[in-house]
Structure formats: structure tokens, C-alpha cells
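Structures given as C-alpha cells follow.
Each of the two complexes below includes subunit A, the first together with subunit B, the second together with subunit C.
Right, the complex of A and B next:
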């Protein structure tokens, strides 16, 4: 039962990552990220239930509250204020992107078999999905031009790292996890402020235009 | 509370007071005073360490061994120096009407906050806390990069933050994997991520997970240190940040990031044998030196020139650590020390020149600065001689130690390439400096500029220059003891 829930959630996270690659409306992309984070929260909660570890409940609650709700809400507010709603044509079109992501998933799963936990049960899928998401996040980062999409790509990478943490370990030490969550929130705030300044200055958040500094 | 905690509280309090509005003199006094107290506390902690104790706090989450003590003292020193210079820098810009209240608040708040974060990095014994501290350094410095609020500074800050955050995501993954590799051997709670605990458990760590973790962590923290090929944010960020913040990045943050790299390197060496992470360090280091070389030859901007020099130096240190010889480690730590003493001189003099000519672009400055600003130019030439590793200054000795360790060891070919790159770098730097200071000035306002006088900024550069020169001939005994202690820590772990 536990294993099924874990695998279902992990699969859901991978699907959201693929949908983010195929999506151009920024609001939808942000909602997908929120969904992905909530699924991560459910993974943590499931582990808390099955292992009887109380501090994992707090991790789960934090993940859903901060990454599932607060960060998406903040990013939507940023978009609303600057009034830009769609991703422009990425450097690579959607079908080609999806194909590449498929290849990245294969790579992710292949690497996951090297872990001692990686050859059996739910952990295998958690690690495989996490590594695939990591690669997809990196791919999104290099092929997209909008500042907000790049932030979302970074946050996807972050989610992947946390999924590894849940999949390979029984959760990081609690205080450390708390500090990391706090830092991630702070980083998103700083990124948001920076995006607003960039839009205020360049009247666009197309970061491929930021190319004056060379040499 | 013990001394170590106070060392971290002092800059934090300084930052908090700096954010609150107050008369200018008061803020200046608070910043210089606060950073001076911080440096004094760093020295006191190091003294405690040299007295035979291991200063620690919060259940060993913060712990000062030889390596920590050395980095702590070096970063505290740079913090104070850049604080004093920063006040002078701001005064000059203030006199030209370039400073808004927002900038003042950001400057007096973020500079000490940045110093706090760097010192926090250098005493972290817990890999999780270490990661949090490095992230704090990134966040504290972003708005220092955008300080001048130009188009280009926003661009630089964006690249800096995106690349830095990506590096940190990698470092976090590395940390998670290191933790995972010791499942069942590390125990529960916070202490499970202590570096000391991981070192004890080194023989039992799972090799595959550890290997993957080490690669991710080294790349992640290597990004923060600016090792090639993850160095691309560096010229942009150094070029756009105001010089006092540039020094904190180029020396303080560099030392801090190398500290993280070394901690990971030691775990890897203890568990997987020295060859694995040493090879990585050697490759990244040599690549950094090689990448920096052509960009120094064709450089068009004074501050970016210093950034590439910083990439070169971090590469030299990585090579020293990667040679797999005790002499190499000693040379690299000596290099870190002399670099910390010499680099601020370049940044301070270059910053003062850039302020005087309102640009750090070679074309706009138009050469001939020696005629227009003899004191600053002389200091800059002197600093260029020092940071290119010319005798009789400190960096020459440390480079010789590393080269000797390299030629006596197993990596002769790498060392030969490294030596060749150093020679080309020296010529490139000499050419650039000549272009800047010699000849008649082509700057449009050259004739009408007021004569140079020694203000707080130039004065700090002078003092820093004197310290750097003296250090070449006389390194204080306790500092040398710290370098040796740090060598023992790094080599003992390897």
C-alpha cells in the first residue's frame, strides 16, 4: 500500500515536470509546480505514516504550505504585477523538448540502479524519478528565456533534490531541513525582487536579452 | 555564550544597526567599529585554538579546527579591510551625488551581513549548516552586485544568482547523497551530518552513493569558488559590484567556498582514497588557470581583469590541493594567505582609479593614469607585481612551493603546463598594466581633474599594500602556526 502511494506520487511529479516542459502559459506552469510540490509533501507524509517518524510530518506540512501554496502565490503575484503571461518561443520547440526529456528520464533511471537502495521497491522509482526531474529541470533552465520559467526550473531541481532526500535517506536532520526551507523561501523572494527590477528596467523578462557583458 | 558565538553575533548586530537610519558619521563608525570587533574576536578564537583548545558551539555544529581557524582569521581580516575601504568608497561617491538613501541602507546593512555569512561558512562543522551558510552568502551579495543599479549590474546579478543557485542545488544534492552514503552509521539527529562524524564513518560509507555525492558537492561548491568551467558569473559580478564588495567576493567568499571544497575533498579522500577527488581538483584547477589566460590577454575592463586573476588564483590553489602531496597542500594554504593579503590591494587601487575616471573600461580611462593619479597608479602597479607572483613577494614563494611539489610528485606534465600558463599570465598582466598606467592620457577630462589626494580609500589601499609587502618578508609566528595546523588537518584527512 505504502509503496503504491509513493510510486503514484513520484509518477505524478514526473508527469508535472513533463507538462511544465510542454506548457507556455505561465500561470499553468506555476500551478503545475505547486501540484508537484504538494505531491512531494504527500510522499513525505506517507513516509511519516509508515515509519512512524513524527518530524517528517512537519517536513510534509512545510513542503505543502511553503512550496505548494506560498511560493506559487508569490510568483503569480509577481506575474500579475508585471503583466506578462506567456512564455515566448523557447530555444527548442515542444515536441523536440519532450523527446529529449524522454531520453533524460532513461538516463536518470539508469543511474538510479547504482544505489544500494536503487534496485528494489519504491526507492528505486523515487530515485529514478528524482534524477530524471533533476535533468529535466536543468534542461528547462537552458532552453527557456523567461526569467519566471527559469526560476521554476530551478525550483524543479530543488524538488528533485528533496525527493532524493526522501527516497535515499529517511529524511535529513530536522533543523537542517528547516534551515534549508527557510533559505529556499528567501532565495525565491530575492529572485522575485530581481525579476521585478529587471522588468522595470528592460520592460521585458526575456533573459536572453541580458547579453551585454562579454569577455 | 562563548567567544565563537560572539564572533558571529558581532557582524550580525553591525548589519542590523546599519540598516536602521542614522547620521552618516554614526553609521560609518558602527560599520568600522563592528568589523574591527569582529576581526578581534576572530583573532581571539584563533588564539584559543593555538592554545590547544577546540572552540565549538551548539553541540559541535560550529567547530574550529586548524583549517577553520585559518580561514576565519583571513576572512575577518578582509572583512575589516573592506569595511574601512567601503566607507571611503561611499564617501567619494557621496561627494559626487551618486548615492541614494536606499543604496546607503543596502551598503551598511549588506556588507556586515556578507561578512557574517562568510565567517559562518568558515566555522561550520555540519554539512547542512555549511550549505545554509553558503546560500546566505549568495543572498547577502546579490544586492551588492546590483548596487550601482545599471542595466549591466542587473544582468550580472541575474547570472550570479541563477548560476549560484544552481550550484547550490548541486551542493545540496551532494550533501544529501553524502548523508545517504552513511545510512545506519551516522546515527540520528543533527550530529549525523557533522563533518567529524562523517570522517569517523569514512571507511563504512557506501562507495557509489559517496562518489556521486562528492562529484555533485565539488561541482556545487566549485561554482561558488569560481572554478572553471563554472566560473562564468565571476567577471560579470566582480565587474559590476562596488570594489569593497568585490574584495569580499574575491577573497572572503573564495576562501569560504574553498573551505567547503576541502571539507568534501577530505571526506572523499578518507573513504575512497586520495586519487578520486584529487584528480577532480587537479582537473578543475588546471582548467581554471588555462581559461583565465586568454581572457587576461584580451581584457578590456579593469575589474574584469581582476576577476580573471581571481579565477587563476583559485585554480592555482586547487592544483596545490590536488597534487596529492603534503607540500602541495601547504603551498596552497600559503597561497590562500598571501592571496588574501595581496588581492585587496589590487581591488582597492583599481576601485579608486575606476571611481576617479568614472569607468573601469580601459578605452574610457584612456591610459596614462600614472600622470593623473600617481599614488593610486603606483599602488596598482605594485599590487599587479604581487598578484602575478613575482619575486620577492609572497605569492611567488607559495607558487614555488606548489611547483616544486608538482615536479617532485606524480603530476609532472600537469605542472609543466601550469608553469607555462603562469608565465603567459604574467606577460598578459604586465601588458595590460602598461596599457593602463603608461603614456599620455586620452581621457577627455584629463586636464581638468583635481589633483589626487589621499582620502580614506587610497589610505586603506596604502595600508593594505604595506601589510602585503611586510608579509612577504615576515609572516607572524601565530599565522604560520595556523597555516601548519590547517595543513595537518587537510593532509591528515587525505
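Right, the complex of A and C next:
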């Protein structure tokens, strides 16, 4: 039962990462990220329930509250203030991106069998999904121009790392988890401000314009 | 001999049952959509009334129409009805499962689509040609995605035959694999695309430049139109039944006992209703995509289905 829920959530996270690549509306991308983080929260809660470890409940609550609600809300506010709602032209078009992400998933899954934990049951899928999401996040960061999408890609990578930490290992020390959570919040806040500054100066979120000089 | 009679009887019974239920499904979705928009919506029997009204009219055909135009709706209707006999609904066996499995099902549906598209081209009206070419563009992407998604389940159960497949899934019990979820997500997009629901096509409007299915059947009137509409509703129910069979098979009767059949009927109706709610929500919360963005959406489902198949092997 536990394994089924874990696999269901991991697969859901992979689908959300995939859909993030598949479309361009920024609001939808942010909502998908919120959904992805909530699924991560369910993974943590499931492990807390099955292993009887109370500190994982805090992790689950923090994940849902911070990454599922607070960060999406903050990013939506940033977008609202800037008034840019779409990723107009990524470096690669959507079908090509999807094809590459397919290949990345296959690579991620294949590599996951190299881990000693990666060959059996639920942890095979958890590691496979996490590695695929990591690669998809990196790919998204490289091919998209808008700063907000790059932040979301970074957060996807962070979710992937967290998925392995919570789902496969016996978890990190509580203080480390707290530290990471606040690190993420701080990073998003700083990046949000940075995005607003970029838009204020360049009239665009397009980071490829940052290479041009501006007096 | 009695075996053959029994099989034919079962096939007729199943397709008649699905035919009877199909207009209801269409109206229920319309009704739920209306309620979400704070409207009253049509009465629950409106689908049947529409069909009986259309069937009672005389058929008006264009002077330039040839036999292709007349055959189109009939072949479409017949192919869709034939396809229903290949899918298990209440019992874990399709009535005509000896005839073929997934490939025959996809092929039969493709035959119906081909007939309708050629018929739309026949009168030479610009709308018909436009609708046909659009429908085919989407179908060219949706069909391989449908096949890949179905193959994923076939791989899990070890058979391409839908009856054997569902029996295998039921015997395995509720086990879970990530590819199931990916395939379900992919096939749900296919369900939306193939039945002309909102992000792809708008079923509620005529004479809009972006319409797909309605443009194809714009020339039809009377009984011809009734056949097309009825077959389209049946196709939607068929796709939903297929999704229910492959991903939520619990409740399907393994034996032909009256009690088990009754449970299966309730379970089937409930699961189809859940899918109908999902379609309604998808329709109400999304805006229609621009036509040139539709292939992107369908290629997402193709990707998801391919991914599901790939993960099965890894």
C-alpha cells in the first residue's frame, strides 16, 4: 500500500515536470509546481505514517505550506506586478523539448538501476523519477529565456533531490531540513526581487538580453 | 451453434446498451457544465429528444453529393458500434474478443473517421474540407498516442486482446507502476482530443472559424446528422469505458452471475461518471487552444504514452 502511494505520487511529479516543459503559460507552470510540491508533501506524509517517524510530519507540513502554497503565491504576485504572462519563444520548440525530455527520462531511469537501492520495488521508481526530474529541470533551465521559468526549473531540481532524500533514504536530520526549507524560501525571495530588477531595467524577463551592455 | 448465438446475443445486447446510454452521457456533461456556469442546463433527457427529432425529419442532401456523402455517416455509425463489441464493459470478457484486440479496435475507429472525413470532402463545401483536414491532422498524432497507451497496459497483462487483458489485470489485483499513471494522463488528453472537447474543439458552437468536428458535419441534416451525433456520443462513451477498463478495472464481473453483473453495472456507471466530471472540469477551466497549438497538446500525450511504454521496460 505504502509502495503504491509512493509510486503514484512520484509518477504524478514526473507528469507535472513533463507538463511544465509542454506548455508556455507562466501561471499554469507555477500551479504545476505547486501541485508537484504537494505530491512531495504526500510522499513525506506517507513515509511518516508507515515508518512512525514524527519529524517527517513536520517536513510534510513545511513542504506543502512553503513550496505548495507560499512560493507559488509569491511568484504569481511577481508575475502580476510585471505583467508578463507567457514564455514567448524558448530556444527549442515544444515538440522538440518533449522529445529530448523523453530521452532524459530514459537516461534517468537507466542510471537509477546502478544504485544498490535502485533495483527493487518502489525505490527503483523513486530514484528513476528523481533523476529524470533533475535532468528535466536542468534542461528547462538551459532552454527557457524567462527568468521566472528558470527559477521554477531550479525549484524542480530541488524537489527531485528532496524526493530521494525523503522517499529512499531514512531522511535528513531535522535541523538540516529546516535549513534547506528556509534556504529555498530565501533563494526564491532574492530571485523574485532580481526578476523585478531585470524587468525594470530591460523591460523584459528575457535573460538572454543580459549579455548586452546597457548604460 | 448455441455458443455462437450466445456470443452474438451478448454483442447485440452490449452495443444496444451502450447506444442507449451514450446520449445520456452527453447530456449529463452538458448539464454539469451548465451548472458550473450558474446556468440551468438542458433537461437530462434532452439528448434522446434531439435524436428523435432529427430522426423524424426528412433528409436534405446537396445536389452535388455522391454516394460517398450518403455512406459517410452510416459507415461511421456502423464502425463505432462494431468497436463497442471489442471492449469489455460489465463482464471481464468482450463479446467478440475472438475477432481481435487493440489493433482491430483502433483500426475500426480509424475506418469510421476515414469515412466521415471523405464524406465531408465530397460536397466540395469549404467548411467540410477544412474540418476534414483539421480532424486528420489531430488524428495523425492522436492515433499513435492511443496505440502506445494501450500497448502499455497490454505489456503489463501480456496480451493484446482486451478481454484477456482485463482478466489479467483483475487477477493481478491492485498493483501500481508509474507507467500506468503516465499512460492514464496521456490517454485522458486523447479522450479530450478525439471527442472534440474544449481545449481542442468546442462542441457547443457552430460557424466558428476554429471548429473541427462541427465543420466536418456542417452539411448534414436530419437522420444523417442524427447518426453522426449518436455515433460521436457512443465514441465518447467507448473511450471512457476503455480508460475505466485499463486503469480502474476493480468491480468488473468475472462470472456471469446476476449479483456480480449488478455490482459491475453500478461500478461502471460510477467510474464513467467520475471521468465525465473530470472532462467537465477540464472543459470549464481551460480556454480553447489556438488551432496551431493543438498539435502541441496532442504531442504531449504522445510523449506521455511513449514514456509510459519506455518505463515498462526499464
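Odds and ends about this structure:
Here is the rule we use: the second predicted complex is superposed on the first by the 212 of 215 C-alpha atoms of A that agree within 3 Å, B and C clash if a C-alpha of one lies under 4 Å from a C-alpha of the other, contacts with A are read in each partner's own complex, and residues count from 1 in each chain.
Everything that follows uses one rule, which is that contacts are C-beta pairs under 8 Å (C-beta built on N, C-alpha and C of every residue); 3 or more make two chains touch, one makes a residue touch a chain.
Bear in mind the structure is a predicted one, so any value in this text is a computation, not a measurement.
The superposition on subunit A brings subunit B alongside subunit C with room for both. Contact with neither subunit B nor subunit C is seen for A:121 once the two complexes are overlaid on the shared chain. When the two structures are aligned on the shared chain, A:105 is found in touch with subunit C, with no touch to subunit B.
Residue by residue along subunit A, subunit B and subunit C are tallied for touches, and B comes out ahead. Put simply, if you stand at the Cα centre of subunit A and look at the Cα centres of subunit B and subunit C, the angle between them is 160 degrees to the nearest 10.
Using the contact criterion defined above for the overlaid structures, shared-chain residue A:150 touches subunit B, although it does not reach subunit C. Contacts of A:94 after superposition: subunit C is touched, whereas subunit B is not reached.
In the superposition on chain A, contact is made by A:8 with subunit C only, not with subunit B.
Between subunit B and subunit C in the chain A overlay, the least Cα distance found is 19 Å. The interface of subunit A with subunit B does not overlap its interface with subunit C at any residue. For subunit A in complex with subunit B, the touching residues are 111, 114-116, 134, 138, 141, 147, 150, 154, 157-158, 160-161, 164-165, 168-170, 172-177, 179-180, 182-183, 186-187, 190-191, 194, 197-198, 201-202, 207, 210-213, 215. By the touch criterion given at the top, residues 3-4, 7-8, 10-12, 14-15, 18-19, 22-23, 94-95, 98-99, 101-102, 105-106, 109-110, 113, 125, 128-129 of subunit A touch subunit C in their complex. Residues 126, 128-129, 131-132, 135-136, 138-139, 142-143, 146, 151-152, 154-159, 161-162, 165-166, 169, 172-173, 176-177, 179-180, 183, 189-193, 206, 208-209, 212, 235-236, 239-240, 295, 298-301, 304 of subunit B are the ones touching subunit A in the complex. Listing the residues of subunit C that touch subunit A in their complex gives 174-182, 185, 295-297, 299-300, 303-304, 306-307, 310-311, 314.
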